[in-house]
Each structure stands twice: as C-alpha cells, then as structure tokens.
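Letters A, B, C, D, E and F name the chains as they come in the text, with residue numbers starting at 1 for each one.
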Amino acid sequence: MLNYEIKIFTGRANPILAHEIASYLGLTLGKHTPGNFPDGEISYRIDEDVRGRDVFIVQPTCSPVNETLMELLIMIDAFRRASAARIAVVLPYYGYARQDRKDQGRVPITAKLVADLITKAGASRVLTLDLHAAQIQGFFDIPVDHLMAGPIFVRYLRDQRYRPEDIVFVSPDEGRVKTSVFYQKRLGGELAIVDKRRTSATETKQANLIGASLKDKICFMFDDMISTGGSIVGAVNIAKAAGAKEVHIFATHPILCGQAVEKLRDAPINSIVVTNTIPIPPQKQLPNMKTLSVGPLLGEAIRRLHSNESVSRLFDPL
Amino acid sequence: MLNYEIKIFTGRANPILAHEIASYLGLTLGKHTPGNFPDGEISYRIDEDVRGRDVFIVQPTCSPVNETLMELLIMIDAFRRASAARIAVVLPYYGYARQDRKDQGRVPITAKLVADLITKAGASRVLTLDLHAAQIQGFFDIPVDHLMAGPIFVRYLRDQRYRPEDIVFVSPDEGRVKTSVFYQKRLGGELAIVDKRRTSATETKQANLIGASLKDKICFMFDDMISTGGSIVGAVNIAKAAGAKEVHIFATHPILCGQAVEKLRDAPINSIVVTNTIPIPPQKQLPNMKTLSVGPLLGEAIRRLHSNESVSRLFDPL
Amino acid sequence: MLNYEIKIFTGRANPILAHEIASYLGLTLGKHTPGNFPDGEISYRIDEDVRGRDVFIVQPTCSPVNETLMELLIMIDAFRRASAARIAVVLPYYGYARQDRKDQGRVPITAKLVADLITKAGASRVLTLDLHAAQIQGFFDIPVDHLMAGPIFVRYLRDQRYRPEDIVFVSPDEGRVKTSVFYQKRLGGELAIVDKRRTSATETKQANLIGASLKDKICFMFDDMISTGGSIVGAVNIAKAAGAKEVHIFATHPILCGQAVEKLRDAPINSIVVTNTIPIPPQKQLPNMKTLSVGPLLGEAIRRLHSNESVSRLFDPL
Amino acid sequence: MLNYEIKIFTGRANPILAHEIASYLGLTLGKHTPGNFPDGEISYRIDEDVRGRDVFIVQPTCSPVNETLMELLIMIDAFRRASAARIAVVLPYYGYARQDRKDQGRVPITAKLVADLITKAGASRVLTLDLHAAQIQGFFDIPVDHLMAGPIFVRYLRDQRYRPEDIVFVSPDEGRVKTSVFYQKRLGGELAIVDKRRTSATETKQANLIGASLKDKICFMFDDMISTGGSIVGAVNIAKAAGAKEVHIFATHPILCGQAVEKLRDAPINSIVVTNTIPIPPQKQLPNMKTLSVGPLLGEAIRRLHSNESVSRLFDPL
Amino acid sequence: MLNYEIKIFTGRANPILAHEIASYLGLTLGKHTPGNFPDGEISYRIDEDVRGRDVFIVQPTCSPVNETLMELLIMIDAFRRASAARIAVVLPYYGYARQDRKDQGRVPITAKLVADLITKAGASRVLTLDLHAAQIQGFFDIPVDHLMAGPIFVRYLRDQRYRPEDIVFVSPDEGRVKTSVFYQKRLGGELAIVDKRRTSATETKQANLIGASLKDKICFMFDDMISTGGSIVGAVNIAKAAGAKEVHIFATHPILCGQAVEKLRDAPINSIVVTNTIPIPPQKQLPNMKTLSVGPLLGEAIRRLHSNESVSRLFDPL
Amino acid sequence: MLNYEIKIFTGRANPILAHEIASYLGLTLGKHTPGNFPDGEISYRIDEDVRGRDVFIVQPTCSPVNETLMELLIMIDAFRRASAARIAVVLPYYGYARQDRKDQGRVPITAKLVADLITKAGASRVLTLDLHAAQIQGFFDIPVDHLMAGPIFVRYLRDQRYRPEDIVFVSPDEGRVKTSVFYQKRLGGELAIVDKRRTSATETKQANLIGASLKDKICFMFDDMISTGGSIVGAVNIAKAAGAKEVHIFATHPILCGQAVEKLRDAPINSIVVTNTIPIPPQKQLPNMKTLSVGPLLGEAIRRLHSNESVSRLFDPL
C-alpha cells in the first residue's frame, strides 16, 4: 500500500501529548516556529519541507480556546499553502462542543461554526475523541474519526479488581444515564441516577436518587468533562449523603475552570480519574488525581489512518 | 415591513396537513401538477406565477421516504429555476433523522446527507418539528427553525385535568429521561425509568423499573416517534406488570411501520396520542388513538417567518 | 504507474451486471450490508477496509429510480466518510436523463439535479453509458467518461452477416435520424425516417415514411431506450405496413415499463436486441429478446481508469 | 409587488440591440466607461449609482468571443463589488455553445466552462435566446430564461402570405429535422431532409434529398446559426438542383465568419432572414438579407422578470 | 427606494465607537448578551427580533485579536441563523492585515484566512477603513467598502492653519513615500524620506534622510498604524537630529502594543494624532495625544449603504 | 517519495519558454492540438494520455490577454475532464495583475476575478513570477508558489563587475523605492528617487530627484514591467539631465505596448535588460536589449514541486 511520508506537528495547546503520540509512532515532532507578534497576533512558520507530505496537527482547542483555535486555523492555512498532501487535524478535545444546537432562539451553533472554520481553512480530515455529542461528526463533510476513551477507563477499572457486588455506577444527571449503562454493562454492578429537578425558579432545587441503594457501596460517576465541577461535586455529596463508602469520578476532559480545583479538593472524593486530552498545570494537580494517557490510542489511530487500516476496530464495543 | 407575496405548495406526502396550514393563513394551496412518468420517475410542473414569491413547500419526508424526499428535492429545483425569491422547506417530520452519527465504523450519516441534498437543491430555510436530535439543526448552514410539539401535548394533558398525585411520567428507556423530566416539571407527578440492559449476548434481556412506584398510577410515556412499536409496547407491559392503573403513550411522529398497529392494538394501552406530522391511513387508525394537529403551530410559524416576527417565542419554555 | 487498490461494490439495482464487471477484472465484489429499516429508510454498512482505496460503485438508477438513486447517494456518503481515496460512480443507466432541460416554463431539470446530488454526496468521477443527451456530461464538474454501446450493436449485426442491399435503417422519429446514420455508415444499407406530425390537437395524428422504400427489406430501428414501447411499436407497424420483410429493434436501455412487454409481444417484431444495463426480470423476458452484455465494456473501462490508460479509445469511431 | 430600481447596461458587443431593449422599457442605458488599457487589458468603470439596483447586462458573446466574454465577466465583477442587488446577464447569443459535450476523448466542454465562469463572476440569472442545445440551461444552477426566436420567424412568414401548398421546409441536415417540423406544423406545407453521408473517408461525399419533392416549390431552410455558411449553401444548391423555385434561409444568429458572406452572395438564395442578436457590420450586409429585431422580445422578457410576471408565456407554443 | 429595517450591534472590542455610529444614525444599539462561559468560551444571545433586518456588526479586530475575531464570527453565525436579511461587518481596524502575503516560504496568509472565515461565517458585506494593503479588498468575494481616514487628517491639519513653507512631510521609511505624497499634494510643503538600510548583517544600521532639509521645519509623519512605536520613534529622532523644529505624528490605528506608550512619551514628539478605530485605555493616554473620531465617517457610510447611495463619494480625492 | 508522471503542455502564448522549461527537465512538450474555429472560438484537444498524470500548463497571460487567458481556462477544463491527477498553472506573467484593488468606486478587481476563474476552471496550484503585488497570492485558496527574478538580475549585474562607488539605483517613482533598496543592499552603491508630483490638474507636472547625486554615475532603474515605456523613459531623461553617465533599465516583464519600442529606441538608454516571461517579436527587438531566461528557474521550480522539495529555497534572500 503506497503512501505519503507522515509528519506530526503540534500547536501550543498540548505539546506533551503530541510528543507522546509522535513517540508511539517512532517519530519526532515537525520543526516550526509558532509565536506571537507584539500586538498578540499569532505568527507561524514551518521550518522543514512538508510539500506532498501527510501532515497531522495535534491541537486540543482547550482554554484559552480562541487562541488555540485560531492557532490551529493559521497552522492549517500555512500547511495548505505549503502544499501538504493532506492535513489531518487531531482534536483530542473539541472546544465549543457544548454549543451544538439552538436550545433557545437567536443563539449561535458555535460547534458547527468551528467545524466550518476548520474545513474552510483547509483540513482534509479530523481525528477526535469523546465528542460532547456524537452528532458533531455530521457537522463535517470531511471524514471524521471519533475515538472513545471508554476502553481506557474500562481497562483501568478492571486493573483495580473491584468486585461487581460492591459497585454502583451513578449517573450524575438524567443526561448521563446512557454512559453509566455503558460501563455497568462491561463491569457489572448496579445503576443509580441523581435526579435534579426544579419545579419553579423560586422554589429550592430538590435532588434525589433513583435506582440502586448506595449504602456502603463504591460509587463510580462518569462524565465526558469536568468543567466548573459544580455539577459533579453536587452529585458526589448526594451519593455520600446516601451512604456511599467511596466515590470515584471519571471524565475524559479535565477542563477544571473557575473554582473547580477548590471544589474537588474539598469534596469527599476518593479519586479523580481523567485523561491528558487537556494539560493540567501543576497548580491544578490534586493528590487524588490520576491521569491516563490517550497518547497510545491517538498514535495507533494515526498509524492506522496512515497505513489505510481500519480505525473503527479501535472503538468496537469491548 | 416590506415583503414578498407568500405561496404555500404541498408535496404528495401530507396534503391534508398542508391544507390546514394554508387555511390557518387564509390562503389556498399553490397550483401545480405533481405526478409520475410511466417508469416511476417523478414529473413536476408549477402552474402559477412564483417568480419573486416567498414559497413554502410542505413535505414531511415520511414513508415512502425516498419518494417523498426526491419529490421534495425536485420541487425545490423547479422553484429555484422558476425564480422564487426564497424557498422555505417545511419538514413536519425529518426522514432519516435517526442516522445522525457514526455509531459504528463505515456507515453513512444519512441525516447530514439529507441536509446537504436539501441545501444543494436550493432551499433557503428549513422549518421543522421535534427533530430526533436537536443537533441536526447544525447540519444546515441555512437558517433552521425548530419547533416543538411539547406545548401541544402539555395543553392536551392540562385539559384532561389529572391530579398530579395520580400520575407518573415513565421514560421508556435511558435515552428519554430528559423528555420525561420536561413534562414532569410542567405537569407535576413522579418520574420513573424503564431500565433495559443485557449483560451478554447469550443471557436473556432483563428489564426493570427505576424510580417512583407505578402501583395504581396513571402512567404517561413520551417518545418522539413510534416506529415498529416494539420498544414502547415493551415498556407499557413492564409498567402494567408494575401495577400501573392506566398507561397513555404520546409521540409526535406516528411512523407506525411493520407490525406497529397490531402490537399497539394488542397492548394494554389506554390512549395513544400523536400528531398529524405524518398522515395515518384509515386502516392504521385505532379506536384509542387521538391525533392532535400541528397545523396551527406550523401556520403561525410561517406567518411569523413571513412577517419577520420572532418564531422563538413559539417554543419558549412554558 | 503507482496506484491505489481497487474495490468494486454494487448497489441493489443490478448486482448481476456488477458481478460480470468484477469477474472481468478478476475481482470479487466488496463486502457490505445494504438493507432497509422497518420504515423503509435505507440502511447501509461497509464490511471491509476501504480507507485509501479506489472504489467503484455500480448502480444503474433504474426503476424504482428514487430508491436506487438514494441508495447510491447513501453509499457514496458512507464511502466518503470511510475515507475511500476516490469514489467512482458507474451508472450504466442514468435515471431522470430525459428531464434534461426546461421545455416549458416552471419545470425542474432533474437530470441536472441528479448530477448535483451525486457530486455533493462526494463522488469523484462518473462512468456512464449512452446518455439520453450527451450534454449531460456537462452537468458535472467532476470527470465523466461516457461510453457507447454502439460498437456492441455493430459487432452483433456484423456477426449476423446481413447483405447491405437487404437492409434499411429506419429512424423511429425525427430525433433519432443521427443515430440511424451512425449505424448506416458502418453497416451499409439505406435510410428511412418515420415522420410523425400533428397539425392540430383535434386532427388525427398522421404518420408516414420519408426516405428509402422498405418493401421486402430487413429493417433495423435503433433507440437509446424502450420505455412504454408505444413509440417504437407504432414505428414498427408503419414499417410493416410499408412492406418490410423483417423488423428488428435495438435499444441500449430496456426500461420496459407500463404495458411495454405486452405491446412488444403483440407487435410484428422479429427480434428485440437490448443490453443488460437494466436487469429484465424473468416475467418480462420475451422469446425474441436478445440481451448483449455491457459488462466487459464497463470492466475494461474501469481497468483503464484505474491504470490511467485512455478510455476514449474504447469509444473511438470504428 | 415591491421591487428594486432597474438599470440596463451594455457591453461593447451589441450596443444597438441594448438601446432597442432599453427603449422598449422606456429607459436609457446606464452610464459607464468601458475601455482598454494600452496593453489590451479591459478597463471598466461604472459611472452611476447601482447599489441595491436590479442590473441587466446585455452582451452577446459573439466574435471576438474571448474579448466579449471577458468584458462580460469583468462587468459582472464590477457590479457585484458595487453592490448591485441582482445581476442578470442577457446573452442574446451564447458563444462557445457548440462545445457542449465531449464528442471525442480529452476535449473541453467549453459551454459548461462559460456557464461556470459567468456564475463564479457573480451573475444572479441568465436570459438567453435560441441556445444551440437546450440542455445548456442545465449547465447553470442560477435561473435561466430561454427565449425562442421561433415566434418571430413564424410571424414574419405569416406576413408573407405564402400558400401552404407551395412551400416545403427543408432540413439542411439530419440534426435539424425537428426544427423544420416545428415550422411546418405552424405554417403548413411539406417536409424534406438533405441527407449527407460519407461511406468511407476515401469515397466522395454523396448528398441527396429525403421526403417531399422540391420541384417548383418555395423552400425554407432553418438553422439556429449561419457560421461559415458552407453547410447551408451546400443544402441550398441541392435544393436548387432538385428543382426548387425559390430558396429562403433563416437563422437566429448571423455569425457570418470566414467566407460566409461571399458564399451567400454567390448562392442561389432568394432571401436570408436573420435576427440582430449579433450585429452585422455594413460590409457584411447583402441586398437579400433581412434582419428581424429581437429587441422587443428581450425587452418584454426583462419587463416581466422585473415585475415578477411569467416569462414562460413568451415562449409558449403558438 | 425600499429597504429593510436597520440594526446596529457591537461586539465588545469598541462599544464607544459603536455608540457614536449609532448616534450619528439616530439609533440605539441592538440588545444582546455577549459573555463568556467559565472556561472562556464565548457565549452570545441576541435579545431582540432581527429576522429580515439589515444588521451591521461593529467590531475592530484589535487586541486581543483572537478573542475579538472569534466573537465577531460567533455573532455573524447567530445573526445568520436568526435569519437577518443581510449582515454587514464593520471593521474599523482589520486585525492580521499585515500577514497579507508569503514573504518567505511556508508561512500563512492570515489576512486571507480571516477574510475566508468572515465570509464562511455568513457576512454579506464588509465596511473597513485604511487597510494595511488595499489588495485585501480582493481577498473577499463579498462587496467591500474601503474608507480612508485621510480626509479626516487633512481637515484636522487645515484647521491648524500651518503655512506651507514651514512644513515637511517626512516618510518614516521607503514604504510610506506614497502616503506622504498624498498629504503633501493636498497641504503643500516639502517632502523627505527616512532611508533605513543595512549593507550586511554585521554592519550597524545606518539611517539618513533623503529629500528636503528639515532644518527649522515642522515635520509631519504619517503611518497607517503605530504598533510598538519603535519605527516611528526612530524616525522622529532622525528628524530632530536633522534640525526639525516640531515633529507631529499621525496614524489611523493606535495599536500601541509592547513599550509603545513609554517610547512615545520619552520621544521629542509635539503631538500624536490618531483615530478611535481602536480604543485607547486611560493608562495609555498621553497628554500630547489627540484622538479624531471616525464615528461620523462610518455612520455616514452605513447610512449610504442602507439607502443605496454612493459610498465611493466619501473617499473621492479631495 | 512516490509520485505521478509529469507532463508539460504549453498554450500558444510563449511556446519557446515552455520548450526551455521542458528541456531543463529532460522532457518534450505534451502533444495536443490548440486552434481556433472559423468564428474565432478556441478549439482544443489533448493528443496523449494524461489520466492520472501531474500536468503543468505554461501560459503567461500576456497580450492578447483575453485570448491567452481563455485558452488557459479551456486547457484547464480539458485536462480536468481528462482526469489529470493535478493541474499546475505556470504563469510567468500574470495578466490583469495591476487591477488588484478598488482605487476608486465601482471598478472591478480583475486580478481577483482572474484568480477565481483559474480556480473554478480546475487548477490545483499556481506557479508565478514577480507578481505586480505580492498580495495576489492571497487571491487564491489553492497553493501559489511565487518566484522572483531578482536573483537573476543580481547575478547578471555581478557578472558585469561594476564598482559600487560608480553606481546609483534610481527608483523611477515613489512606489518602487523598496525594489531599488533590494538591489542596492545586494550590490552596493547609492540610492535616488524620481519624485513626480502634480499640485493641480492645470499646472504642469514637475519632477525632480531625491537622494544621491547622479552626476557621472552609472544608473540602474528597476521596474517589474515595461508597459508603454512612458514612465521609465521620463525617469531616464531626468536621470540624464541630472548628469548620469549611463542609464540601464531592468524589468522582468517586457510588455512593450503602444509606442514603447519607439520611445525606448529614442531615449538615452545604455541597455534594457528584461526576461523572457513574455515573448518579444523580432520587430520589437532593439540592439541594446538583453533578454535573460527564466526557463531554468521555472524548470527547477517544477522539478522541486514534482519531487516535493522546497521551492522556497529558490527565492531565499541572497
């Protein structure tokens, strides 16, 4: 199977992950000079031949999202004008993914806008991970490969050797029931749902649990991301109030904005398991935080993309 | 506020609904000649002036979906070439909406393909109702107004004057919890979820209920569509087995394919409340079936679109 | 000359022809799962790796045209999203080809719409045969290779060893004169035209013959397709009334809709020679029907497309 | 019916026709400065407000075709950038129309290229007349109104008060039979066809007549254009040799290139009736040449386009 | 002249200028809710009807450029999906304008990328001011109106009543000679050029003056923007060293990044005259700084755009 | 590094240069048949296999620009439809480059229009030389490689072995100062500028020199093109009047239109050094004219493009 030479470049959002991916592939990262002009405009120059090459740009569009997104678009423009054969965008985290529909009148669908901008800039394909809504794949007309971190968490939990009869998968809200079912099917245990409702704006919020009893159980809560942490910490407290022995929380994307770190530190959480799609600066690291790497998963996906092997096998149900 | 003359045309999928919409607006339907050539190809001719007019084409892309969709595309082509000022597509039901993402490798995203085909044919805007996934709005770059039948069902249920303490909203599976919460918030009562899981392919499916007790309760189950009916009838049986006094099911889109009518007739269902987005032929009508019209809702939306008033107020939370 | 691996897939319109093409190339057809959901929506899944492959999809968009066309579009979408390197659409018969212009006001140009839909879905090139109007090539901006069945018919007729002095090529109407001239130039014989005119709507249609005498001659009538058969059978009767000894009719595309088979069976036709661009179900087969295969022609064209050899030589004038 | 102010501008190809059109509409032509820089590049400046206006540009892309076409494209660009509301291109003659398909391998389809260039430059609609092939309408995705000069010729001939029994419509080749039938149906008389064939490259061309006898008849020959005149003059000579009393030739587009004028002058032609889609310079005028104006037809079409009335009625069959 | 209702909205980059523009037009700014989610993503909601309105969005894409640009794109998306009739983008300052070509291999052309992003997001037209390179107009296919602040500076200088014999226009480098000539032609006085060259990398930079003597003269230096100030301050020092009595500097766009304010404060500059295309925060204000408003110019341009009057007269040579 | 077979074709604008380029690459030019139909329309046919090949079309769009540009577009169309893998357009001279912005209201930006036409016709990339404005690169979204003839002129002048102290680089107007600085930096010597101003339309033009004295110096004047020659000859006369010993003029593109040759012959010019981007017919050759070939530069660029090596090194600063 013939093919183009492969090159991996990284934006400035998550260079460590990009290095891990390149290492997996036995490559070094492409040479370039990203920077900023004195007025804050992004400058960029590619410092090696890319003409006719198969280029992968690794850039989660995490905070500061407008900077990382514009840097990505500018890099794509540079590679297109430098005649790269194909430009694949690797988005371990897809910023603005939650703005994926008009839930009220006269708002943008920024997740679609981002897809249009990436396509217009000149990307040939997208490789991404745990999109907030799977339908975002359809926002693109270029091919999208959508990986899932689920198998990484399943493997991690299997390695912990919990007994099924001790564990409950607790969905932190009504929208995450399907995710909890995904893990419960693979790992056994019971299922429960935190039910948050508000009958009117003036009444106080009431929350309660539906499903299995948490009494003396080890609870696992999964979300795709931890943003301000308010929602998950609230659910943790409910679980503890219901008698949970341990609570472990899992999320692919550690956004950790606002007072998230403070809230997480102060909450009765036994462990916080996330991936490295978004880098966590040292001051946001907590002792009970465990980071699993998505580098090998992304690296293997790129290897398969490049050698025209099936990527879909990477996310086949376990 | 200046504007173009408005014209409403209907494809052959649901002319009765189109007539209701036109009546609401005090208009008659546009004159045209849809048909088929002897080999089955669709023929079409517009029989009145449409140059510079603001045209609305009413066509749910319901079964036979490939016929109704192609007829819609051919109509759009004819109106574009006949120099209509703007062409709005009114899709009370959006066919192929469930193919909205790649849930496995190497499948199409037909819902996006349909959006691309409608746009390419020349539509200027889309007006639709209760999309299977709200993200489908983002499959379009032309403006989409997404209406909800929710207020119609709420009004219907309020007219029935149930007592909140008698009712339970039962989500027929994990994916419909949010919808049940929507109604429960507006109408009171309790919440329950039918939990369907399968630990392995060889084990038998087990299903049970999470949440409020159904014992002697009036149960309401909401789905966006009833297709083969298998899923909802299964949930009905579980509810009845759990002691429910009455079970009423609600769905915007009465697809009713396969053995749906037989299954619904034989199930212990007190009433089946649907809308007329999809026409139900007489042989599929059941005595306990109640059809609410979306004609006034769509008509009012068109009136507002045409007079540049806010449509979003139509779907503001109650 | 480097190249991608080739894969042939077939829609459900004419799998036998697709098998013939694949056999010619020493290949087996690609594995996939086409189907329909219970409500009639088309489901589709590719069951082998196609990433980076050169894919040919064989699908005449014959009756039921809206089904076969939508299946084609959905297949293209799936192959594009599965990252096929190039997607060539093989259209042995191009449905809607007769809707190729506005011959009256306010009608669609569906042949152009179809071209736009195929392009938008993601096709890279088109291979087709005996288009109703050669200008349809220009409806595409992607490359189109337009093959002709003419050489197949010429070879067939040469094998019959008719004497030029015995034969007359009879154009069944004014629009087919050029086609008759094409064969007459290559095979000798005389030329005649059936002249159909109607002086007013109320007067009866009069038809007569222009050109060579048909008395005791063997007549050959060529059309690109036989649809309802009315036109060609009318011409056959005129030829017989003019003393023709034998009448043989030829058409690339055996649409055979409406009462075509009955009309053909009852008419004084010696033989009906068609190709297999459209499958003829057993109940439509007539004893005097002869089907010539376009499989080797299409197979050879694909071989040349794939190895970057000239396809145009396949349709050079004999 | 609300509307934008209308403005008519003319390129330099046929300003007299543009003046006739503007006069019909009671307008004067828009002010502008077309020109050429010393190196031959076209310069252009609009000299009055056109922002928000409905602009019609009259420009047959006749010889020198590359100059008139580029001037048209440059004018469209200027009007688009000057924010005209809509830009309609009036193409009384569509240059390159005969390059409308690939009749051999590896040639351009220049008629489609021209359509793409006009669209890309920014035209909103096209108004044209007697296209060489009606399918060219489908080369555009913008609306095309295709007028026919047929009614003008019919009216002219009716005014001449010929007796049907004296006249024969002679098709100058096999491809024009349908056109002859069009006139014969409306005006009576008989039909004949000049049959040109060549059995092999070494044999001399033989031509003869099929159909009605021309003996002592008044013959009318119609073509859409007279280019070098070779073909029509050959047909005239055959008609005369067959005993025709008079021969009159008709063509919408008087291209008159090469030795056309000399050939026409020397041929036994009673009258040459053309339209003014293409201007005929004085030195190409012949005493037996009659020019009918398409100005009122185009003017009326523009009036209807602008007031959103039906244009199709202008070309309804008589 | 019919028209749509006009609405002016402002991004968060320069609301004061937007208010001035709206005031000039007798309007108030449109109601909306711009904001940021906790993770820094931009949120946006339009709070009044805009369907069918003619919307102008005022947003100089000044520092922080990636924030202001993304906010602009998100606003355009929201207005497009809310069915604004037309969306005009008012860019008093065009960020990334200096990245307008590839002056070395493998760099982006970010100014073109920005044009593509604005167009893709859905803008209908652009109104901008003193582009760094006039060719950027050609980066757009939508209409661009390019205003010039030149007349504002000319009027300001005329009001100062300098005597032509006292003044010299000093071009701060070779690239600004044409600008200096523009003002010298309108205001009289002499011309001089600061000539900066470097014969090799190791030699020190030498700078000297070409043209008129500056001895005891009042010097005016014009640039389109003041960025870090290094270049203009260097030129000022050369002018003073050459005996200039006064030095006044002028620039449309006060970027003032890096140590610009410190450098300007410490340099022997009599006055710094800029416009308010970019807001200058209080801490960057200097006593000798004079800000001229472009509000009336932009307001008048919008008025003319909206009423379809000529904008070009606003920038006709004085 | 895998690659496609390369083929070089030439339009009819400059076949000698195309032959030089092909020779450099060890190739012969591709076989084809360009021509004109009798009415002036361009005919074109490719006479060898190009399917899957990497095609380069050499065509400066020099005078007659509309002919050469249309021929280029038609060739691109033919190659695209003949399935060339990639189509690179080699534009040694880019016609209409000076129409690169709206310097007054309501004019076209023809340089952008040309870019859009070339892209729409189907070009994959552009290779060009000394664009009138470097920003034209940004008019394209396809990759553009922009070569510079500067190194060729520098090499030529170094070979002449002038002493730096004898030479002055004279900018013929304010807009060419940067070009003069480019050469002065590389070759030493002094700098001067011809300053042309006009205080009012009625006053006579005054011109004088700014910068170094020309007395007894060898003057070099550089422009990107010589069009009518009026401007450069005026500057030459000023230089001679200022005492210049010799004047040599240099330009990449010898347009030489209008009375250019007469003016150049009669002016006191020692040598005129140009390149062969545009062919100079024998009757325009002057004894003091020296033509440097850009063939090796373009040939080497094509070689690098084809083998995916860096082209940017070809135009790195010396």
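The rule we apply is simple: a residue touches a chain if its C-beta (ideal position, glycine included) is under 8 Å from a C-beta of that chain, and two chains touch if they have at least 3 such contacts.
Computed from a predicted structure; not experimentally measured.
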Query - Minimal step count in the chain contact network, subunit A to subunit D - result: 2
**Report entry** Distance-maximising chain from subunit C - centres being C-alpha averages
**Finding:** E
Query raised in the report: Given a C-alpha superposition of subunit C onto subunit D, how large is the rotation in degrees, taken in steps of 5?
Result: 180
Query - Pair joined by the larger number of C-beta contacts - A-B, C-F - result: A-B
Query raised in the report: Using the average of all C-alpha atoms in each chain as its centre, how far is it in Å between subunit A and subunit C?
Result: 51
Query raised in the report: Centre to centre, by mean C-alpha position, how many angstrom separate subunit A and subunit E?
Result: 40
**Report entry** subunit C and subunit E, separation of their C-alpha mean positions in angstrom
**Finding:** 62
Query raised in the report: For subunit D, what residues touch not just one other chain but two or more?
Result: 2-3, 81-82, 102, 104-106, 109, 112, 116, 141, 144, 310-311
Report task. Once you've mapped the touching chain pairs, tell me: line, ring, star, complete or other? Result -> other
Report summary line: Every chain pair meeting the touch definition is listed as A-B, A-C, A-E, A-F, B-C, B-D, B-E, C-D, C-F, D-E, D-F, E-F
**Report entry** subunit D residues touching subunit E - in the complex, by the definition given at the top
**Finding:** 2-5, 49, 51-53, 80-83, 122
**Report entry** Contact set on subunit D toward subunit F in their complex
**Finding:** 38-47, 50, 63-67, 69-70, 73-75, 77-78, 81-82, 95-96, 98-99, 102, 104-110, 112-113, 116-117, 120-121, 227-228, 255, 257-258
Requested in this report: Name, in rising order, each residue of subunit D that touches subunit B in their complex.
Outcome: 1-3, 125, 141, 143-144, 304-305, 308-311
Requested in this report: Provide the residue numbers of subunit E that touch subunit F in the complex, in ascending order.
Outcome: 100-106, 109, 111-112, 116, 133-139, 141, 144, 146, 174-175, 177-178, 181, 184-185, 188, 191-193, 195, 197-199, 210-211, 310-313, 315-316
